[in-house]
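Right, one structure below, let's go through it.
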Amino acid sequence: MAQASEDNLNSTDAIINLQDAIALIDNYPALSGMNFRLEQGETVHIKGPNGAGKTTLLSLMAGLLPLHSGQGQVLDNDLSDLGDRRRIRRLTGLLSHESSLYDELTVFGNLKFWCSANKVEHEIIDPIMDRLGLSGRLRNLKVSSLSAGQRRRTSLAVIVCRRPRLWLLDEPYSGLDEAGQNLVDAFVQTAVTFGASVVFASHDSDRAKKLASRTVEMQGGRLKTQKLDSGSHKTRDYIPIESGEPLPDGTHSKGGNAND
Amino acid sequence: MVRIVKEATLMIRDALLIAKKDVRVEISSRVIFGQVLPFSLLILILFGLAISSDLIVTGDAKRTVLEQVSPGLFWLAIVFSSLFAVNRSFKIESDNGNLDALRMAGIDPAAIFLGKALAISLLIFILDLFVGALAVVIFNASIIDFSILGVTVFAATISISMSGTLYAGITAGSRSKDTLMPLLLLPTMAPMLLIATRSTEAALFSEDQTGWGWPMLLSVLAFLYTGIGMLSFGALMEES
Amino acid sequence: MFWIYTIVGYSAAIGIIGLYSVWLIMRGRRMTRKVPVDKRRFLE
Amino acid sequence: MNDLRTIVSVADESEEIFINTDNDDSERSGPTSTRSKSTTVFGFLAIATFVPLVFFGLLVAEPHSEQQESVKLMFIHLPSVLVTYVSFFCTLVCSILYLTKKSKFWDLLAGASAEIGVLFCGILLLSGSLWGKPTWGVYWQWDPRLTSTAVMFVMYLGYLAVRRMDIAAEAKSRRAAVLGIVSFLNVLIVHYSIDWWRGLHQGRTFESSEIKIEGWYLFSLMFGMLFFSFVAIWMVIHKFRILWLEYQLERMDLELAINERRSEVNDLDSSIDADEEELLFGGGS
């Protein structure tokens, strides 16, 4: 790990560097050789069709998944090392499609628990709840009785409380109303000015385009290197260059099972 | 050295945090007390229906069959209920992907294990009290030695919940966990059931001259499973 | 009449061992055919 | 890649027996079964010890004064005890080695020996209760050994079920390894707790009817031990190879899946043409 991180520091200040990363979800190669680089302070929008591997990519970068093969560094930590992955998790905020909330606890109870679990002072909770419109009536309501959008905002509040260096947001706008979506944008932009970097996956292209400094398109578990003509449905005739390309020998697919 | 102490206190702090949270979830949802407790009381009553209440003579004492086997029935009821308690405890973590969130928070797997197991222990301990009270009433049992009974109930509850949490960790994330977990857990609980039953018999009938032997053995098991669980939970929780 | 138990025991044991062995051989053959030649050499 | 190298190096060191499949088949076509020189030898040895086991055990050995013919069950009962415990102990050792060395070799060997252990545990229980009926008058005694064996049987059935669990392969191997260790500990706990329980109340069942193992008994028992050991070794090697082939197949499938995944094209056509309109929304005939 030490060596990898030194190389990293010397060469660039990349926050994330993935090379030919393959990651499995229940033995299925959800990521099939992903290359990705994220510089400090960037806001990158990941787009792609359903099942392109966006969620897996975010989990991998959060340190929750092991690499099956390939290389990856996140925040100067190596993804193929378990101890490093644990460090990555603490520095990263992942807003996944699941709420990560306890349905039976109140909004405030959930925030209090997650702040304690993340070793964050409780003073931060109230201002964040205010800011996300969770104070007042909602504060002492059970999460199970919240609407999808309110839940989403509570999950977001947990991420904000953690003050992560790297924000990983999976469909941050889903279920949110116009105001909520604007709020997400505002949080992301402010976090970036305070030195955070952001990767988010979204199908809301218009909104994402405004927020993101760069857009990356995924397909089949890796980068879609060549862009299709927009608005064309005739993708059936289109064969991407990669598909005919043989696997580079012994690099990804023959890599045995992932041992750390 | 200082680092180890620091990590240990942090671990215990996290464990207590998780345990407190689980208890709070239970207070708010009342699944254990609203559903599992009535279930275990019902098991006792069904045992009463299924087993004859003829008088039998053991040694110089004359008891009903039901009274004679009441310690075993009590612990059977607790063992079955504990399956539900363990299941419930892990369901609240898996429902919304909270286990991943706990890992994201950098909580030591040993702390997750200890926290879940402590909360389950507390809940099963309260089940013990209610089920035990009903057993005393309907099986007409009389307690002779309260201290042995107390230690027995405490140690048995700890070992049941520790082993339960360990096996829930082994099957976590699998779609077949609801059926697989009891298959793994019940044979493991066989010695606990046996020892706890003997020990309770000693407290109830005090014919057994072993006295403190059984509760001590049970305490050893409780420590053993706590240790195994804390050591192995890291391997079980990672990248499931 | 005790020999009945012996005969039943022996035939059961031998039956179980025999059936399992046959199953192992059959399955081994089937699996070996499924795997390309260069991967058939075990642990190579 | 690394993993593979570890497997080979580990294999080179200790487990020569598992690797060499120098069949009669030509080099080009490769082996067509999991047979090899070593398994042929073990198979031959098994048959060679089976014949004297049946001959001496069933025909030559004289019936016991009390138990008569049923005493001859001993020649399959005691060997299956040995094989069962050795298999489960092997699972324990392999599980520990898997957790330390992280090589798939040990994981597969643990799985293979556990399955053979369960098989012989079944034979053990069966022959035990068949022996029990004429000896004790009942098929089942609540004897510590019987009870703990039954619990052990179920416990390792659970272990095998965990090995078939539907989670990520590596996590599954790791959990199976933990379970392989804990299960063996449990066997000890179950055994000693029941032993102590019965020990306090009554003498051991087996000691009441002492059988002197000597002469033809000893001779037959020796062949029983040899036969069961050779068969078990033969089975473990074959089972291991099957598991190994399954593992190879899994990896090939994964390679294929990665290739397929890479060539995935987003070809969802979002326009609905006239034919489809009729098919999807046309309603009745």
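Order of writing sets the labels: A, B, C and D. Residues in every chain begin at 1.
In the analysis below, a contact is a pair of C-beta atoms (placed from the backbone, for glycine too) under 8 Å apart; a residue touches a chain by one contact, two chains touch by 3 or more.
On a predicted model such as this, the values are computed, not experimentally measured, just so you know.
K.L.:
Can you name the chain that lies farthest from chain A, using the mean of each chain's Cα atoms as its centre?
P.N.:
Greatest centre separation from chain A goes to chain C.
K.L.:
Rounded to a whole Å, what is the gap between the Cα centroids of chain B and chain D?
P.N.:
A distance of 31 Å separates the two centres.
K.L.:
Report, in whole Å, the distance between the mean C-alpha point of chain A and the mean C-alpha point of chain D.
P.N.:
Roughly 43 Å, centre to centre.
K.L.:
With centres defined as the mean C-alpha position, give me the chain C-chain D separation in Å.
P.N.:
Their C-alpha centroids are separated by 12 Å.
K.L.:
Can you work out the whole-Å distance between the CA centroids of chain A and chain C?
P.N.:
Comparing mean C-alpha positions, chain C is 50 Å from chain A.
K.L.:
Scan chain A for residues touching two or more other chains and write them down.
P.N.:
Only 66 qualify.
K.L.:
Going by the touch rule set out above, which residues of chain D reach two or more other chains?
P.N.:
166-168, 170
K.L.:
For chain B, jot down the residues that touch at least 2 other chains.
P.N.:
In chain B, 238-239 touch at least two other chains.
K.L.:
Can you give me every chain pair that touches, using the contact definition above?
P.N.:
Those chain pairs which touch are A-B, A-D, B-D, C-D.
K.L.:
Where on chain D is chain C touching in the complex?
P.N.:
7-8, 11, 15, 18-19, 21, 28-35, 54, 58, 63, 67-70, 72-73, 76-77, 80, 105, 119, 122-123, 126-127, 130-131, 133-134, 231, 234-235, 238-239, 241-242, 244-246, 248-249, 252
K.L.:
Write out the stretch or stretches of chain A touching chain D in their complex.
P.N.:
That would be residues 22, 24-30, 32-33, 48-49, 52, 66, 69, 219-222, 233, 235-236, 238-240, 242-245, 247, 250, 252-260 of chain A.
K.L.:
Sort out for me which residues of chain D touch chain B in the complex.
P.N.:
It comes out as residues 99, 151-152, 154-155, 157-158, 161-162, 165-168, 170-171, 174-175, 177-179, 181-182, 185-186, 189-190, 193-194, 196-197, 200.
K.L.:
What residues of chain A sit close enough to touch chain B in their complex?
P.N.:
59, 62-66, 82, 86, 89-90, 92-94, 96, 98-105, 109, 113-114, 116-118, 142, 158
K.L.:
In the complex, go through chain B and note every residue touching chain D.
P.N.:
Within the complex, chain B contacts chain D at residues 166, 170-171, 173-176, 180, 183-184, 186-188, 190-191, 194-195, 198, 208, 210, 217, 221, 224, 228, 232, 235-236, 238-240.
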